[in-house]
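What follows is a pair of complexes built around chain A, which joins chain B in one and chain C in the other.
Now for the complex of A and B:
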């Protein structure tokens, strides 16, 4: 019986490892290809991406040649991206400017909203929450048109407000935090009440600290979501100079693929750092089953 | 330490690490953003562009040349003097005899030298007369100018030599006559005659008369007696008479010969004496002629030499006077009317003798201008082409006409020298920019000359291709091989794979290679 479980474990380990490798390959490919020169990129992916970056000579491979190891490590793509092209850096900061307020204010709004949903009774509340769920379940593309029309009506089309406002009032984090807060035992709130705490104190001293892990988890998820957004800026921001970097990455087939590798590598750094910082909260938040520790 | 505490501390450390990494990453991105334009400007060449456009190529030859006066008058000072002040400037118009320079009143070096030389010449003249013992009359003759000219003396000398030669010939003739007469005297066999010539002539005539009458009668009587004699006796007597007659005749003949010889002797002696006298006279004359010739030679040489010396002294004296006269004139005047093109000296400077003080462009004389161009450019021009003056507002009424196309001596293989005749208000040394030539043609593709590049594969241009990438518009220099059809100083007509609306790179802040990213001048 025990021998059988060891075999199963081994098979599962291999399978998981194989899957992990499969998931990692694109990331490794991106990082290693970002260290190739423009001509090497052209020779590997020339069929798809013919460029004039190679001094008029076009290296066209017969087929796409996925190479993991560069012939000659070159940081020329990074130099081009970071030193020869201010546009990249501006788009990076565009991403930051768009995403950071959304994350911060969405969490704030969601925290207050979810506290209300979780704490106060009422008939209308159920309808509103249900509509939140419906909206959340809808693909973004469905709400895009109303978003566009409303933005135009508000006169914020082609400004960052067109991204910020829908982002701040996104239902996703409200839903998750409401579900999380509902798991907080009523006894804890009652205990606070007995101790003389008012509603604001209950929210700030009891509920919010208890949701800390979930807030981080939701924050990471929202950051990932908006760091990678493409449709919203494409539709709502006609001015290219306001577009975030994610839009560029969605159009790599129009530009230089070598640069795209370097840009993608740099672009994944903030997400990676945030994930590493809030990893345990994420795990904690997802796996929380309610109650008080210790 | 409990397991939980260790886990908490490990998580905290990792958070700190991630936090630091995030701070560093964002800081780096911030710094790069701040310096992004700086980095880009530093790394990407900035280029100026222009449309490839249809245009007209006019093969005008443009250039700048220096005007030189065709025949400038040089004011030359023949003595070393110091300039006191300069009254005109380059470019001024001067009239004839206008003072252009004032000189300081100091005795010039030339005058001092000339006076010294004059003294030396006089001294050498006088000492020469005494030392060489030239006769005083020669000295006077030289001084008074009565010594006759050289030609006269020469003619006289020639006469004398001819006379000497004639006299010598006469002397030789006399010698021959004397010898001949002496021979004749010897032949007479007479040693001396005391009688006079008339006496001897009388005797001769008398003897001849006897011979002609008496002797003939004797012969006639003897002949008659011979013819008449009949007898022997008579015959004998007749023969005797004949012999007597013959004897008488012979005697008388002898007498006659004697008289004749004596007479001849006397005559010859007389001739000899005459000839001898002639010879003596000739000898005397020869002596005189020879003496006169020698004297004339010596005297003529002396006079000639003295006259030459005196003449040199006079010339030197005149020079001194001239210099003195000049010295008092402390002004340099313009000898002609015209425009001062250059003044070589300033106040206080010393003008060397023979130096050009100023150059004056004479009024009304035209100027020339030369300009070196390539042979190709010169081929499009013809003598007689009228040039356009650049900055024409600056030069009023100036015209330039191409008058000659010559080989440029400094670069004969490739260049030609254009010679223009310039008329109008221009000055020697002035620069003039002109354009000349008329040929023009329309071309569909023209670019500035600065856009044409060349390498081992031929001529090409770099056009700007832009890629609308998500990172913004990125400009790339792309090579297009072209052929230059025609060109002038500013533009070239080209043919190549062009549509006619491309942007062509004209100038760049750095060398641009085909395929290189560039940025456009804003």
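Now for the complex of A and C:
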């Protein structure tokens, strides 16, 4: 391979390192600030938000102080969140119960569909696939009314089904998995056929296993997306007690800023774990690795 | 016989997508064509024309367009650059990769809180700029508001885009690059004629993915600034959101249809470009 200039690499390393630090600031701040006591938080941030009639929040503090390292590490915020207010834990559970089925079933439905799209191409399927892409691109505000109308028709408004069902059938993972599935060489499928595999076996024994890495990668993306949902529950679940923690977190106001960091940190734990164990999948999963021509 | 066997696999998805996206979208079209959900009289394109002439809609469309046209290409180009840099033999590559991906994990609430504090009138960014003698800027309530949102968007999305490019670069046949190198191609030529062409399906994909995410940043903007933000931040999503809250389904539907139409044109064009440009390389 071509030799790389040491000087250029050194300069690039410094630049990338500086950028990486900037990227890390929010996550580091969230964690360190969660270790501050309530009084330290309020002396730094004061009264920050005021909820206005128009539904937004206005930033009202005139002096803010971004502090990276707490004066004294205190777990008092965690103590409050975990022991004194069961509400947060309930919301956390709400998040889990909303998101996990969506991820699992969206992947299942999408895996089947992507096999259909990739293995049996056709003009009509091409058009259907294109419309999937368009649906996938629609901002949530466009699908808002349709979702609402259907939920009302089906009588699932204000129940978890109103979040689950549109989530399970979201075309996002169909698109990603189809693109991946198309790269499986026809020769591999032909080989399976010669060995006497039936269509269903080709799917379960050849194609689906080849997509394993990609399934994990897509699963991570879908999880991240729904774990941080805000709009859907606000509109489709008027019953607050069903709301996930992400909605609750987004409503942080005056007195709860300190808690917000601790709650946010707790909320990040599943994401952090997934990243810790799944980052390789995010990278390698996307790269096609299944035999013959890589 | 063989032809319709794939349909079996498509059934669950097709059923759900029709139920929750396609049929309801028909209802949206219906709403856009009638005068009110009570009288149900057909007015055809009246709603659409009214919305097109609406000053708030025009402002929202302009802002949304400006944002997407700025942020999406930036997200594509910068993440490609990062991927190319991380492809080189520099130290700490996997740590950098993790750092760039970290924004995906931060909950929206913390993002908002931290951006508020950073870009506050007396916040860290202004303090930093003061060192260079720059006057205080009220970021979110000025012409610079859009810049803050673009930065936030890039911060959130560069990492994953970069990963997609790294994956594509990693799977590029090494022999091709070796040959180019032996033939005496400069690194720019290698990039321009080999890597870029080989990457074109990935570029299309990253563009589409960035476009989706450019609409999702509304969540942050909305939580950051409410229903009626500074003028330059008022996007189509604000318009639709406000119409939804006012129960004005006709206008909301009309706006949704206009937006969909524009989107179909854009995506169609992207696919044509990709077909034309990337046909001769396998992808």
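The rule is short, and it goes like this: the second predicted complex is superposed on the first by the 263 of 294 C-alpha atoms of A that agree within 3 Å, B and C clash if a C-alpha of one lies under 4 Å from a C-alpha of the other, contacts with A are read in each partner's own complex, and residues count from 1 in each chain.
Note that a contact is a pair of C-beta atoms (placed from the backbone, for glycine too) under 8 Å apart; a residue touches a chain by one contact, two chains touch by 3 or more.
What you see is a predicted model; the values in this text were computed from it and never measured.
Does chain B (first) or chain C (second) touch A:152, or do both, or does neither?
neither
Contacts for A:71 in the overlay, against chain B (first) and chain C (second): which applies, first, second, both or neither?
neither
Between chain B and chain C, which one contacts more residues of chain A in the superposed model?
The partner with more contacted residues on chain A is C.
For A:93, select first, second, both or neither according to whether it touches chain B, chain C, the two together, or no partner.
Only chain B; A:93 stays clear of chain C.
I'd like to know which partner A:195 touches here: chain B for first, chain C for second, both or neither.
Neither partner.
Taking the stated contact definition, name every residue in chain A that is touched by chain B in one complex and by chain C in the other, in rising order.
In chain A, positions 52, 54-57, 249-250 sit in both the chain B and chain C interfaces.
Where on chain A is chain C touching in the complex?
Listed in rising order, the residues of chain A that touch chain C are 1-2, 4, 9, 12-13, 15-17, 19-27, 29-30, 45, 48, 52, 54-59, 61-64, 66, 109-110, 112-113, 115-117, 119-120, 122, 125, 128, 130-147, 149-150, 165-166, 168-169, 171, 174, 179, 199, 203, 221, 224, 228, 230-231, 235, 246, 249-250, 252, 257, 260-261, 263-264, 267-268, 271-272, 275, 279, 282-284, 286-288, 294.
State the interface residues of chain B toward chain A in the complex, per the touch definition above.
11, 14-15, 18-19, 21-22, 25, 29, 32-33, 36-37, 39-40, 43-44, 465, 467-472, 474, 476, 478-479, 513-517
So in the complex, the part of chain A that touches chain B is made up of which residues?
That would be residues 52-57, 79-80, 82-93, 240-241, 243, 247-251, 254-256, 259, 269-270, 273-274, 276-277, 280 of chain A.
Going by the contact rule at the top, pick out the chain C residues touching chain A in the complex.
2-3, 5-10, 12-17, 19-25, 27-28, 31, 82, 85-86, 88-92, 95-114, 116-118, 120-124, 140, 155, 158-160, 163-164, 166-168, 170-171, 177-178, 181, 187, 205, 208, 211-212, 215-216, 218-219, 222-229, 236-237, 240-241, 244-245, 249, 252-253, 256, 259-260, 263-264, 267, 271
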